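In the two complexes that follow, subunit A is the common piece, with subunit B as its partner first and subunit C second.
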Partner chain A sequence: MGNEYYRIALVGNPNTGKSTLFNALTGLRQHTGNWAGKTVSLAQGSVDFKNKTFQLIDLPGTYSLFSNSKDEEVARNYIAFEKPDVTLVVLDATSLERNFNLALQVMEMTTNVIICINLIDIAEKQGIEIHEKRLMNLMGVPVLKISARNKLGFPMLLDTIDRIVNGDIKCQSFQLKYPEEIEKKILKIEQQIHEIIGDTVSARWVALRILDGDESLINEITKQFKLRGDY
Partner chain B sequence: MSLEQLYTEAQKLSTKQIRDDIVQHLYETSYQLCQEGVSYKKAKKDTKTEKLDAIFTSPIFGFPIMIIMLGIVFYITIAGANVPSTLLADFFGWLEKYLTALFSFLHTPNWLYGMLVLGLYRGTTWVISVMLPPMAIFFPTFALLENYGYLPRVAFNMDRLFKKVGAHGKQSLTMAMGFGCNAAAVISTRIIESPRERMLAILTNNFVPCNGRWGTLIVFASLFMAAGFTGGIKSLVTTGVLVGIVLFGVIVTFFVSWVLSKTLLSGIPTHYTLELPPYRKPKIFDTVIRSSVTKSWSVLVRAVKVAAPAAVLTWVFANINIGDTSILQHAVQFLDPFGKLLGLDGYIMIAFILGLPANEIVLPILLMGYLSTGSLTEVDSMIDLKNIFIAHGWTWLTALNMMLFSLLHYPCGTTLVNIYKETKSKKWTFLAFIIPTVIAILIPFIIAQTVRFFGWM
Partner chain C sequence: MTRTKIIKLVDGEKGDIIKITALLLDGVMRRRLLDLGFVNGAFVEVAQKSPLGDPIAFRVSRTTIALRKEESGKIEGELIINGE
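Moving on to the complex of A and B:
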């Protein structure tokens, strides 16, 4: 067919309708796939759009991407090391305050992010009004309102994915500014980290995780580098 | 420089505070994003939940309210269970006369009558009349609190304390589950993601008295601790003693968690998201029916299944002689010196050992042990019950240490099996057995020796 393949990862808190979106987009074109050197299997499915095939990967539902649990590590490792072309963060429109945490964490790790605010129909019923344009300006990435259950907002979503992978939209994902004390510490080690790991993973993010004492990430990076033979 | 070296180097920059700062900052930014990008057309309607949370999770009122709630649940259980317990005991006593008549009409041999009626029947009916009423009240009351949405608030309140000892705030939810059944609670620790904190929750769950130990605790609290009181006051004092015992169990939980997280299970607690659902009016009928019928029934069936064979076994041990004393007597005499050190006696030790399959049967076994030797053969009322204990040299010290031993000792067989299934490790299962056992021996020992040293007894 000669279609170009792009990998699109789906992350989100539990119960945000992430899997509903995944199923609605991919329909029956699903399979469970293992990925390099991992025992964890993830649901994958594909959807065709304008001569392209988007390969969707349904990552485990998590509240954060610190390495608190196996699920969080799986989601984190996929975004950090498998480098999907686009990461869709699925949020629950009725509890955005909690859900934004995850979006912010994803944006620390990767640039090409789309924020999908799901369950918009329910939010509207509850009188919650979401100003997606304002959020888009603040966060520097596309923010879309969808309703996966009612299949609302899908054309826009697919078009946005398409334009990101074409390079028509340049994401400038918002980076959290931490208190000065932490920022200074990040600056101290960021350069050295960059020298060791290069551009493969965001050095700023790794610096932050190191300061947080995330040993499992260091082990994972070392393992990934050995796997690729360039360490 | 390798990444590992850099990591070691960077840990000097890191402080314990940093994780909190990072998470707090994430939340603040999320909040700001919401402020800017989300507006509410109608006034935010759930102000009720916020107002209630301000009280229930307040730093000042949170803990007193929790303790009062616990007290209320216990009081309702104790006061409410009194009458039905007596009625059930009377009913079974009345039925026993007819059973006896039936057996003598059929000319059954004495040993069969003893085993079936004095062992099996008495043992199991004991379990039913002591346990069924409290369960049928405790479970629904607790379930109502749960459905109302109060339990997540308890977890929220306790979180700070758990964090201090290096454990996970959700442990308080698994502890709440432990009030019902430790075996079920061990399975419920799956809600804790981090393996380290989950292990802490598993190893300490036993310090919450499960339903099988309620009977024992309630009986001794009312017989010995609240002996000087009558009527409503008596129930109140019993409740007070029970709340005290439970709080002591919680303190031990914190202490053991703290020691473990400094030694075998060292690490920093992970943070987590706890959803505080809105308060809802519980569906009273559904809740009461489901929890009292299904839950109480299944616990009771389990209790009877274990109690029946144990009761028969105890009767057999008490009635088969080697030399001129029974097997039970041999064992009692062997364990008596050790029991005395803890302010207990050989019968109590035997009851706990034979009670390993289920805590429910400790008290029936103890009674059967005493009855098989004493002159009293009928237990018609609570007064008789107390006289049996006093005839065997019981004092308030014996009762207190018995309660503490019951609170602290090794988990029951079912719980141990579940711990093994969940951890897949003989080492941790063994620790789950040995840690409570050592504590259950040490604390009564210290109390008994102190009391004797100062001559308070």
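Moving on to the complex of A and C:
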């Protein structure tokens, strides 16, 4: 009765186990298979924890959030404009270099991030050792090792989500520093962007995307503001 | 002493393992390839060539990804293992 309600988004590269994690936590039977890009519409399901309800949203797997495809656009728009309370980035423990690329992009967009290093059972079999505490210090957000298929690490994950929405854990998501020349340009337009869009979306991120010539994002922002009747 | 041989991914044969040394393209296409894991230093295996040679499937960062000639022709690397 009267549970507090929070939205938790799952993002990650294709085939990293997002749907498996989603199903295991929510008890839903969303189809999972073994090919990339099969999650098309957004599955939603909930899990109760303490006095809260976490509404999980299973986003399509993508390598990037720069909107080169419909899937990327769906994932990007959800994180940027629907503003989930917490975003879980699900990484493949055996392929961290590429997977962190997406994690860094997410951390540029939003603050409340948990990095879930999944498939830890396979990594261990391959002799891959992951120092999650060190990663946590570097990233400024919780980093947890999990195995979605074996349901390992779930209590810690739910507890971490709970602490973030409570405000007991304050994420300080790591921000990539760009070359001086680009940082100067960001500074120049970031303030103006903030005046226009307010706190809805990270102004630094929008500045970066504009400098990169990302017209699709500008169009989307215009559309979003019209929808909301702010402009 | 073995001489290192630099080739373009497009010229790789099935089974070759190539360590990427350069991406000779810019903009969105460069970004896309980086996102897919075609970064400097990454090891790429030529997984499959279609009869006409386009696209070619590569194994990179534990995933199989098919690239068109326009892309694989612009990625250079050191031939580490000759597949034949």
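Just so it is clear, the second predicted complex is superposed on the first by the 218 of 231 C-alpha atoms of A that agree within 3 Å, B and C clash if a C-alpha of one lies under 4 Å from a C-alpha of the other, contacts with A are read in each partner's own complex, and residues count from 1 in each chain.
Going forward, contacts are C-beta pairs under 8 Å (C-beta built on N, C-alpha and C of every residue); 3 or more make two chains touch, one makes a residue touch a chain.
This one's a predicted model, so the numbers in the text were calculated from it and none came from an experiment.
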Exercise for review: Evaluate whether subunit B and subunit C can sit on subunit A together after superposition, giving fit or clash.
Suggested key: clash
Practice item. Examine A:221 and indicate which partner it touches, taking first as subunit B and second as subunit C; both and neither are also allowed. Key: first
**Study point:** Partner chain(s) touched by A:101 [first = subunit B, second = subunit C, both, neither]
**Key:** both
Exercise for review: Report for A:154: first if it touches subunit B alone, second if subunit C alone, otherwise both or neither.
Suggested key: neither
Check your understanding: Which partner does A:63 reach: the first (subunit B), the second (subunit C), both, or neither?
Key -> both
Practice item. Please determine whether it is subunit B or subunit C that touches the greater number of subunit A residues. Key: B
Check your understanding: Between subunit B (first) and subunit C (second), which, if any, makes contact with A:128: first, second, both or neither?
Key -> first
Check your understanding: Does the superposition put A:178 against subunit B (first), subunit C (second), both, or neither?
Key -> first
Practice item. Identify the partner contact of A:92: answer first if only subunit B is touched, second if only subunit C is, both if each is, neither if none is. Key: second
Check your understanding: Where on subunit A do subunit B and subunit C both make contact?
Key -> 13, 63-64, 66, 68, 97-98, 101
Review point. Of all residues in subunit C, which touch subunit A in the complex?
Key: 28, 31-32, 34-37, 39, 42, 61-63
Practice item. Quick one: which bits of subunit A touch subunit C in the complex? Just the residue numbers, please. Key: 13-15, 36, 63-64, 66, 68, 92, 94-95, 97-98, 101-102
**Study point:** Residue numbers on subunit B that touch subunit A, as the complex places them
**Key:** 1-4, 6-7, 9-11, 13-14, 18-19, 21-22, 25-27, 29-31, 33-34, 36-42, 45, 193-194, 268, 270-273
Check your understanding: Which residues of subunit A touch subunit B in their complex?
Key -> 13, 63-64, 66, 68-72, 96-101, 104-105, 126-132, 134-135, 138-139, 176, 178-179, 182, 185, 188-189, 192-193, 196-197, 207-208, 210-213, 215, 218, 221-222
